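Data first, discussion second: the structure below is written as structure tokens.
First chain written, first letter: the chains are A, B, C and D, and each begins at residue 1.
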Amino acid sequence: MLGYFGPAGTFTHQALLTITHEEARPFASVVGALAAVRSGEVKGAVVPIENSVEGGVSATLDELINGEPLMIRREILVPVSFGLYVRPGTRLQDVRQVLTHGHAAAQCRVFLEGLDATVTEAGSTAGAAEEVSRADSRYDAAVCARIAGRLYGLEELAYQIEDNIGAVTRFVEVTKPEAVPMRTGADKTTLVVFMHEDHSGALLEILEQFKVRGVNLTRIESRPTKKVLGSYNFSIDAEGHLHDKRIAETIQGLARICPQVYFLGSYPRADGRAPKLDPRFSDDSFTAARDWVEEIDAD
Amino acid sequence: MLGYFGPAGTFTHQALLTITHEEARPFASVVGALAAVRSGEVKGAVVPIENSVEGGVSATLDELINGEPLMIRREILVPVSFGLYVRPGTRLQDVRQVLTHGHAAAQCRVFLEGLDATVTEAGSTAGAAEEVSRADSRYDAAVCARIAGRLYGLEELAYQIEDNIGAVTRFVEVTKPEAVPMRTGADKTTLVVFMHEDHSGALLEILEQFKVRGVNLTRIESRPTKKVLGSYNFSIDAEGHLHDKRIAETIQGLARICPQVYFLGSYPRADGRAPKLDPRFSDDSFTAARDWVEEIDAD
Amino acid sequence: MLGYFGPAGTFTHQALLTITHEEARPFASVVGALAAVRSGEVKGAVVPIENSVEGGVSATLDELINGEPLMIRREILVPVSFGLYVRPGTRLQDVRQVLTHGHAAAQCRVFLEGLDATVTEAGSTAGAAEEVSRADSRYDAAVCARIAGRLYGLEELAYQIEDNIGAVTRFVEVTKPEAVPMRTGADKTTLVVFMHEDHSGALLEILEQFKVRGVNLTRIESRPTKKVLGSYNFSIDAEGHLHDKRIAETIQGLARICPQVYFLGSYPRADGRAPKLDPRFSDDSFTAARDWVEEIDAD
Amino acid sequence: MLGYFGPAGTFTHQALLTITHEEARPFASVVGALAAVRSGEVKGAVVPIENSVEGGVSATLDELINGEPLMIRREILVPVSFGLYVRPGTRLQDVRQVLTHGHAAAQCRVFLEGLDATVTEAGSTAGAAEEVSRADSRYDAAVCARIAGRLYGLEELAYQIEDNIGAVTRFVEVTKPEAVPMRTGADKTTLVVFMHEDHSGALLEILEQFKVRGVNLTRIESRPTKKVLGSYNFSIDAEGHLHDKRIAETIQGLARICPQVYFLGSYPRADGRAPKLDPRFSDDSFTAARDWVEEIDAD
């Protein structure tokens, strides 16, 4: 059974449904969902990792490297649209108290500022919908996904109320370490690298390891190491697969220069887009270079 | 009058009190506080920008560059410790419903997991304390600062319950653009730089602009540009002051290669620590080099 | 009066004739010619600096920075072709002793190896021609320029005998420091930069100074600093003029990080080819960036 | 039998004597000596490659990559001192015509300028000594090694007349490709790398391949590729041995990005100096990184 960051009715739930319609178990937090993977309670979990508006999902980025090893084996992209949902009968002009998740509030700023209402943060948009569905709720409306509005029998007063139409959230399916998914030619590899804290220019060194092997990055995000201000690790998505020689060598290079490197998985890109690869960095080029050096040495 | 990200009783309030005891106005959100600076309603506002555990405060990082120009004129460091606060009489074993801000919950994970309680996210830790102080509240306890517990007449059941003792939050005082504070020799400069989206290696180019002029960074954080996944800007704190020649030239260099650069201010470091400056990058070195080139040209 | 690295009949002489037909004074060595410029004996001198086959002319590269400052104010390109010249009556099959300059011998290797002859190095190709023109010379033939063969009444047995047809030598006109020639938009700047001897990665640092300002190099040559093996300076030609802001700032950058920098001049390119300049590094871009930073500071 | 760049009495001869006292064969040129290695006429040859004053020996650098593969299997350092040698009876004040090799003349500039004499370039310093030893020679004195003065029965009028006392020439023993000499821990590797001609920043890319693997360079010299002005290859000595993993991987990296790479050998340093190796780039570090990546993949 898979788990997911619930409750039912969230975009995460929607992401999960793209990969299975079997019964799945919602967890109240990303931390809980990933802990259940670690303990073996579920064989995998779907959690959000990145939002085109709000950026990286800190809980996921941090929790992936906090404890027993985990692995990303798939990514799922879900378009994100919000609506305003109320108990049947509530009119737009009566909405004074809105409940929603902080990320949703942030993404619907303009619409919410147009209401004469106070916005309160809930733990999830679906939780907000559930709360609003109670007859005695102090809240008049929830900002949530359409699926949540329906699930809790709410009425839709407005839809696609987000500031940036076209937002996308990226989810990942996380399991315990297992065989890396097959290389498809359009893959991503996720890594977390730690810098030597007192080493100015360390980030430059890290980027050079990718550059000299022709590896392009699609995401790089800093996360605090939770020790002192200004100490970071970097969460990185690189184009390519562990079985691409340029990626394997890059990871080795990082492992040498960084105090800590986490390999979080290689998996097919959800958009199926293959990288424009400079032939100098193809597997053939790596093999030819290795063969040549071995030949030199055999003389 | 200054504004701050309220309500009263938060760490932001505590930060504000280190610079003034005059009356100040709390705002329900960072966005609201900064909007009031932009509109002239308040002459400045104190907002959180970075937490040693949770990382950058997205709302602040994003809002600083969203609208009319703003300027950081001061930073304030506040040690962060949380406690568990209840209505008088509630016992620890009776706590089933905890209300707190998501950041606080994240920082007190271990303690909270040890409770047999559900944690709900509120808009602020002080707001949570206020809610818990109501006799009819559905919540039994708030995780908040001691100042908030006292303000709302709550009882302290536990203190310093955070996972990482020693956490610090960094706040900034933000105003409309005005004269840059005087150089002290131990200063920081905050910038936001945008990359050319389709330019692999663009971050490397940005870092090189700092490196060739001997400028060290104390913070670099990625933020999504809110258009597509994988498009970022970088929020950067550099050691030095706009009036240091190496900083002025670096900013010019960035302005040339980046589609957009925001200068958010130069201000004294809260910790008063002067950088270890390689003499090759001192003002004297810049002046000598310029004079020499002018001399060549005068022949 | 101009001087040149003589004697008459050399390619240097030919280069000189492209800029003046007034009387000029030959010197027996590059060192002598440049010393005469330094002493004021001649107002300028034409000397070779680079050959497409043999590389940099060490004597010139070294002597330009050995003593009172000198300046390059012009470059001249001369196609290089050699012939085999003998006293009238000598037949090809009788040639046993060939006299020529080492560079010429190196450039005509294949042809000379085809002769059944010993090759002796002379101080110059014209000197070789002169020696061969003596009735009692021990040498049968000279490898030299056609102009030298004619000057000394020799007969041409072969022409264009060089291995690489299309070789070019680059000459420079050197004066004492004076006003830098006007910018034409298709200019070169010649620099010599010294590295910190014990600083691994120093060359990388030097190249980065050019790169971050979008300056392309057309020549980079290492020269020993004459102290220990492995200690170098670099002689560099960069695209652009001292009056291009990107060049002026690059020179300042080098002056800061290198123990010693020599500016040897900015002058029009002999081939008139303007660089493909990324607009991010144009003078307008530099001016805009500077204006913007001044504006920030004026708030 | 070994060959060497003769004639007898040169510093090259002296270098040869440090490795063997068996009969050896002098060649009139570096080209000739290396051709004899290629043809199998001699099993190896000693030739000069670098001089602390004059820089790289162009003929050697070029010829090593011009034809069938060759390999450097040893380096030899010889201190270089010159004297002024004459036929017995000639007095210093009578010296009007001095014969010597161009490199020797360049290294004894100050002394020679102090003579009231014309300096003529010969093919070698020993050849100059031989010529001067003839009773009917037009030359009065030779600048050469003491060994040559003695060999030809000349009288020493002055010794250690070079400008830079302490000059050293570096010689190499060259063979056909054979097993690479054993790693000693204090080794050098010689490479020649070609740049993509039209690729600005190509040298930077080459240097980065070394830098990211912690490989230090002890020599880097540009050589023209003999096609057009401004087209170069780089002759490079790196600290380390083909059997050091950081060197093997660097060579593979260069092989991928450069149109042409020549491996000219790994051999013990003549000075026996082991590099200060950052442990991040030791063999153990490479092995650990590789093992770790294999382990990831085995899951």
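We take it that a contact is a pair of C-beta atoms (placed from the backbone, for glycine too) under 8 Å apart; a residue touches a chain by one contact, two chains touch by 3 or more.
All of these numbers come straight from a predicted model, not from anything done at the bench.
Steps from chain B to chain D, minimised over paths through touching chains, total 2. Common neighbours of chain A and chain D: there are none. Centroid to centroid, with C-alpha atoms defining each point, chain B and chain C lie 57 Å apart. Inter-chain centre distance (chain A to chain B, centres taken as mean C-alpha positions): 24 Å. Taking each chain's centre as the average of its CA atoms, chain A and chain C sit 59 Å apart. Touching two or more other chains at once are residues 208, 211 of chain D. Under the contact rule stated at the top, the pairs of chains that touch are A-B, A-D, B-C, C-D. Of all residues in chain B, those touching chain C in their complex are 71, 177-180, 205, 208-209, 211-213, 242-243, 248-249, 251-253, 255-257, 263, 280-281, 285-286, 288-290, 292-293, 296-297, 299. On chain D, the positions that touch chain C within their shared complex are 28, 31, 50-56, 58-59, 77, 101-102, 106, 109, 118-123, 163-164, 167-168, 170, 200-201, 203-204, 207-208, 211, 216-224, 226-232, 237.
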